[in-house]
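Heads up: the structure comes next, in structure tokens.
We just call them A, B, C and D in the order they show up, numbering each chain from 1.
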Amino acid sequence: MDFTFDATTEELREKLLAFMDEHVYPAEPVFHEQLAERENPWTSVPVVEELKAEARKRGLWNFFLPGEHGAGLTNLQYAPLAEITGRSPSLAPTALNCAAPDTGNMEVLAMFGNEKQREQWLQPLLDGEIRSAFAMTEPDVASSDARNIATRIRRDGTDYVINGRKWYISGAMNPNCRIFIVMGKTDPDAEPHRQQSMILVPRDTPGVHIKRGMHVFGYTDGDHGGHAEVVFDNARVPADNLIAEEGSGFAIAQARLGPGRIHHCMRLIGMAERAIELMCRRATAREAFGKTLAQQGVIQEWIAEARVRVEQLRLLVLKTAWLMDTKGNKGAHTEIQAIKIATPTSVEWILDKAIQTHGAGGVSQDFPLAELWAAARMLRLADGPDEVHKRSLARRELKRYL
Amino acid sequence: MDFTFDATTEELREKLLAFMDEHVYPAEPVFHEQLAERENPWTSVPVVEELKAEARKRGLWNFFLPGEHGAGLTNLQYAPLAEITGRSPSLAPTALNCAAPDTGNMEVLAMFGNEKQREQWLQPLLDGEIRSAFAMTEPDVASSDARNIATRIRRDGTDYVINGRKWYISGAMNPNCRIFIVMGKTDPDAEPHRQQSMILVPRDTPGVHIKRGMHVFGYTDGDHGGHAEVVFDNARVPADNLIAEEGSGFAIAQARLGPGRIHHCMRLIGMAERAIELMCRRATAREAFGKTLAQQGVIQEWIAEARVRVEQLRLLVLKTAWLMDTKGNKGAHTEIQAIKIATPTSVEWILDKAIQTHGAGGVSQDFPLAELWAAARMLRLADGPDEVHKRSLARRELKRYL
Amino acid sequence: MDFTFDATTEELREKLLAFMDEHVYPAEPVFHEQLAERENPWTSVPVVEELKAEARKRGLWNFFLPGEHGAGLTNLQYAPLAEITGRSPSLAPTALNCAAPDTGNMEVLAMFGNEKQREQWLQPLLDGEIRSAFAMTEPDVASSDARNIATRIRRDGTDYVINGRKWYISGAMNPNCRIFIVMGKTDPDAEPHRQQSMILVPRDTPGVHIKRGMHVFGYTDGDHGGHAEVVFDNARVPADNLIAEEGSGFAIAQARLGPGRIHHCMRLIGMAERAIELMCRRATAREAFGKTLAQQGVIQEWIAEARVRVEQLRLLVLKTAWLMDTKGNKGAHTEIQAIKIATPTSVEWILDKAIQTHGAGGVSQDFPLAELWAAARMLRLADGPDEVHKRSLARRELKRYL
Amino acid sequence: MDFTFDATTEELREKLLAFMDEHVYPAEPVFHEQLAERENPWTSVPVVEELKAEARKRGLWNFFLPGEHGAGLTNLQYAPLAEITGRSPSLAPTALNCAAPDTGNMEVLAMFGNEKQREQWLQPLLDGEIRSAFAMTEPDVASSDARNIATRIRRDGTDYVINGRKWYISGAMNPNCRIFIVMGKTDPDAEPHRQQSMILVPRDTPGVHIKRGMHVFGYTDGDHGGHAEVVFDNARVPADNLIAEEGSGFAIAQARLGPGRIHHCMRLIGMAERAIELMCRRATAREAFGKTLAQQGVIQEWIAEARVRVEQLRLLVLKTAWLMDTKGNKGAHTEIQAIKIATPTSVEWILDKAIQTHGAGGVSQDFPLAELWAAARMLRLADGPDEVHKRSLARRELKRYL
């Protein structure tokens, strides 16, 4: 057992930390100004493209993707890098071409796409030229149970025709989002885990209606293309847009979600570190009732508790990454669930205390805390609510004694 | 000891419940449509004026204000009515002319204003013709300690000249907000609780700069005039705009805050009831893993816990109202702090669970839950963060043993 | 609505507070000395009998029992008196002949016993001459679901013969405990709520084996006759020992539990007040790191939170008592469950903080806190674990929307 | 970074697991029988000596002690072994001669004792022939601030004379406890961290009065020699009983406490694993309301939460052990505090849920849960209450920003 990072990781961490200090943090105020000034509230802004160019030049690119198509890092090597990007989550993941949902979509295309699909869609995504969306969640069913998905993907000659309603399709409001991976049912009569398929649907396909941007506690997340409600009304695509074969949708979803969940958790830890830093800076700078906040016992209690929680979370995320590397995603199933259960809740708690330390400023647009909070809160729901993961994890634990 | 409402309360409750069913709930979707369509994002919309007219016609008006100027209700009579308005907090309190911050400002004018001030500002407020704001919180100091307030109100001949920066001045973005009550220092050298004064500053006074609307977790609260950052740059008003006398600002603030806090708590309880109702409706309607959510043990646990908490909170709020009626606001000091500590936190918890029960819908604009949550969360900070109230309450408890 | 106690209550409160100050608190150290010196570790001690005599002389007797047999108080009148006894829970309830399980047993006999049963057992209990036990819980089944009770009460000629194993039969180790009310099945084939009956079994009946005293976190509660494991091995009693008629056991149990639960909650609130007092006294007396504990922010937070919780709990208990008086125990069903859910948990939390404030002394025999904690913790299980009550309360809430 | 144990650890884990299965678990009921039958309630019992002999024969001995005197393991190697012993904490640590407070005392003697002290006291302790105690905590001061210690160690010719009152001196009621390491002040006028010294005081020294055994939530812990109150009344020992030199007491205490705290945390994790196992076994075996407890959502939630917490705690403890090995105890200061803050609280929570799952049995002597709970709760106080560690950890975090 050894808790040091390997040389590759240390080298990349240093490079990334330098990039954060020299480019990302200074870009934050610029980013907000440009967002306020843009015309289309769903597009990205120039400073992001500049950061992408700089990151790619520095070799800080596609870290998330193992194998030939990406940077070739292990999950364990990627984890501390993803954490660092989480300190500026509106900018750094995108700058490094490591932002959801593109990352998961690229993984799907790299693993399950055929050559033509990879050429047409994977390559421009790897190059950061286009964005993509993953259309799974539906408003009318409990989508945490993927078997509930009701969207139909019906074969019609050499095409598939898609009908259904999706929402919270992240990134899909952005006109530069060009391609959707849509999950739906090709065969409602097959056995429950073989009914679903995934299919590539270009955003400009007739019958694809982008209805509106869904909110997250008042935020539209317009800088990342928002979260769209999308109606598929007889949207028709060629049959070879299907990913892998009919009935493989559930399995692909499972394969996609493991890495997605750990990436979220890695970044959440960086968000927590940012929150602790902001909380400490505020506490040492502000006075009330004759003492700095930092001298108040209650705020000390929060800071200690925050530090103790983050240290535990980080180790569990790192161990999970190591398990994924050494035993595969299935071998890390329990641990992936464990970090998905533990991380958003704890980081939400830390952000809440950082907000409280900032007074009204904490809930405002002048500090990143409220927006980070909403992101952490959302992750108690996204990719399945905590309760579903707890239920599943407990059942596995109980099975040992049956 | 007796837990029944008196006849007046019962009668008004019935009238109000009918008004809610017949007018307020049906107006909610209309309200959101009109908000989406208006041009100025800080103004109110026609449906609100219609509700106000109807409420006034029905005798549901100015319930909050005891004495000759208002409806003449006690706090104990008002409490269950305010609770009901909290079930639709964007519409009902305004419809009844019982919305903050006007309520507190009317109280100040009724209690401390001179005849001219009452005529000029109190009357149109009582008639629901104009709105007002209360400018106390400052970005640069811990405003929970009112002695930190840095805005200067300097006497200059027959005028006062005001300089300072305020933020989170609720309602002030609304052009129909005509008058500010501004808290500042007239004498920084007086003893700490006699340095502050309050003064009336019309919104259109030269030197009053409305800079921007502050956000609350992504919400602008534009339907209620938002939360403005306001700079006073040599804003000059006649000397007789001062409320009461120089040095009385701290005492007036204290007098204003007691009722303000209990009104918030009353409405929060109505918000909690709305959340429980929505949670139960969702839980009985939606299925996952072969059972309705209502049949899942964890959600039952939430519902029970929510019910148990609300019952306790309501009783403490009612008792506090009764104490204010029988022993005055000072006699209810501990209890007012107690409900301010207990209510936002518990209601925030209940809203969180209601959100979780709704999945992604819970954080969206399609249900009121996320916006209610932000309001409850804000109240853990507004009028002083919980920690300040706890500290003060504990010190009083400890004094018995010193 | 009115939050003042009536004249009777105020008068009795004053008398009781005087008795506490003059007799009960001074008796506490004597009690512990006598306990340490007695030979049989399950008997009471002389000081308790002295307190009983004094209390009866002062008219502080059988407050718990409404109607002709008791003091004739309402639940609302009794509640604040029971709270006061909870401040010294090992002495005061017994001193006033208001201690469980005798209270519940006297209620059962008063309500359901026939004249002979009342003469033989109720009278000496009302006079505080003997003690009694209630034998319901069984080690081998989840006894919170009374339908699981497995003990058999079989008719055999003019007798009933009882077979089964019970545990946590409070008071039963005490030789002065003379009579058991035993719950068991007379007809396992009847419909689920008509299978059970209750029967009187004198402790010295052949076939009644008192096996051992069960512990509660290391405490034997020997001063109150402990918590016995009892085996009934063909214990035979005359048929007219049956209470009411065959099949009425479930209904009697329900009737008995409502008052029992609220009495526990009333006393728990007194325990919480004692804990707050001890916490404040310790905090003001002890120094660490250059300040008294009372000046540490974290301890102030605990004290405030404790005060805020107690005020809420008390009001809900009082309202529940009022509902029982005005609408009957059934009309107060939800509220009884609510206080049973809320009170032990909150009081346990308060006691935990009081313990922490006392350092190692807090867990020791030198302060009452650890023992009170164990009593509060036990009440999260006794009379049904919290989870069962929450489940039931939630189902009733959900029914409104089905 | 690597999460596998090394070969030595794996080999010892296997041997230890076999010893647990073959000897320790089977000895548990025997242990309780022998405890019930012994005459002196503070002595150990034969089965413990048998386990010690067997463990030593198997090479499972003195694992805790690095260097020449002990087994030569690193902290990282010892951690998973100590965890396993925590699954049966009344037997296994003693069986392996790895029980507190002897472990800490042996460390002190190994590190700071002179040759004669090591010969006389370290050797019989290493051989498991005698027991020892560490006399630091005092009833009259907040002992978490070691500078408060009031016991005097006064030089008198060739002797030291000791006066003071200590309590919670674990193990000291046991007649086989032969030697105390006593902390006291040799020079109250020195600078605060140089006033204290440690000195060896044989238990049979005239003037050493063992007053009574202190309780922990009703438990006397008599199987481990209890927790004594001890008065030193002019107890006189030769001057060369002093450990190291005058004024070094504070530093030695710090050196002793680091390993002591991590050992407690290691064992707590084993206790948590035992609790989860018992909770799962009970949940699968018991039915209520027509389902096994394992099928109830609330209990699944507890099990998942317990698993998620334990995985995090274990990793932080292991990392701390690794830091102690690689950077020394000072380099691991923050992490030692972090595990001391996190572990007892979380394990207490897990034990509470395991107790609740067991109904009344959970608080009884029939399952180990209640006693384990008391041990975990005590560790929120022992070696300094959580609040002291949080305050200190937070101050270090805040220093980065000052």
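By definition in this document, a contact is a pair of C-beta atoms (placed from the backbone, for glycine too) under 8 Å apart; a residue touches a chain by one contact, two chains touch by 3 or more.
Source: prediction; values computed, not measured.
Peer 1: Hopping along touching chains only, can you work out the least number of steps from subunit B to subunit D?
Peer 2: Minimum number of steps from subunit B to subunit D: 1.
Peer 1: Can you grab the rotation angle between subunit B and subunit C? Superpose on CA, round to the nearest 5°.
Peer 2: That rotation is 180 degrees, given to the nearest 5.
Peer 1: Could you compare the number of C-beta pairs in contact for A-C with that for A-D and name the larger?
Peer 2: Pair with the higher count of C-beta contacts: A-D.
Peer 1: Looking at where subunit A touches subunit B, is over half of the residue numbers used by both copies, so same, or under half, so different?
Peer 2: same
Peer 1: How many Å are there between the centre of subunit A and the centre of subunit D, using C-alpha atoms for each centre?
Peer 2: Spacing between the chain centres: roughly 43 Å.
Peer 1: Rounded to a whole Å, what is the gap between the Cα centroids of subunit A and subunit B?
Peer 2: 37
Peer 1: Based only on mean CA positions, could you tell me how far subunit A sits from subunit C in angstrom?
Peer 2: 53
Peer 1: In subunit C, which residues are in touch with two or more of the other chains?
Peer 2: 296-301, 387, 390-391
Peer 1: Where on subunit A is subunit C touching in the complex?
Peer 2: Its residues touching subunit C are 296-301.
Peer 1: Taking the touch rule as given, give the residues of subunit C at its contact with subunit D in the complex, in rising order.
Peer 2: Listed in rising order, the residues are 137, 139, 142-145, 148, 167-168, 214-220, 286-289, 293, 296, 298-299, 356, 359-366, 370-371, 373-374, 377-378, 380-382, 385-388, 390-391.
Peer 1: Which of the residues in subunit B come into contact with subunit C in the complex?
Peer 2: Interface residues on subunit B, with respect to subunit C: 1-6, 76, 276-277, 280-281, 283-284, 294, 297, 299-305, 307-309, 311-313, 315-316, 318-319, 322-323, 334-335, 338, 341-342, 387, 389-391, 393-395, 397-398, 400-402.
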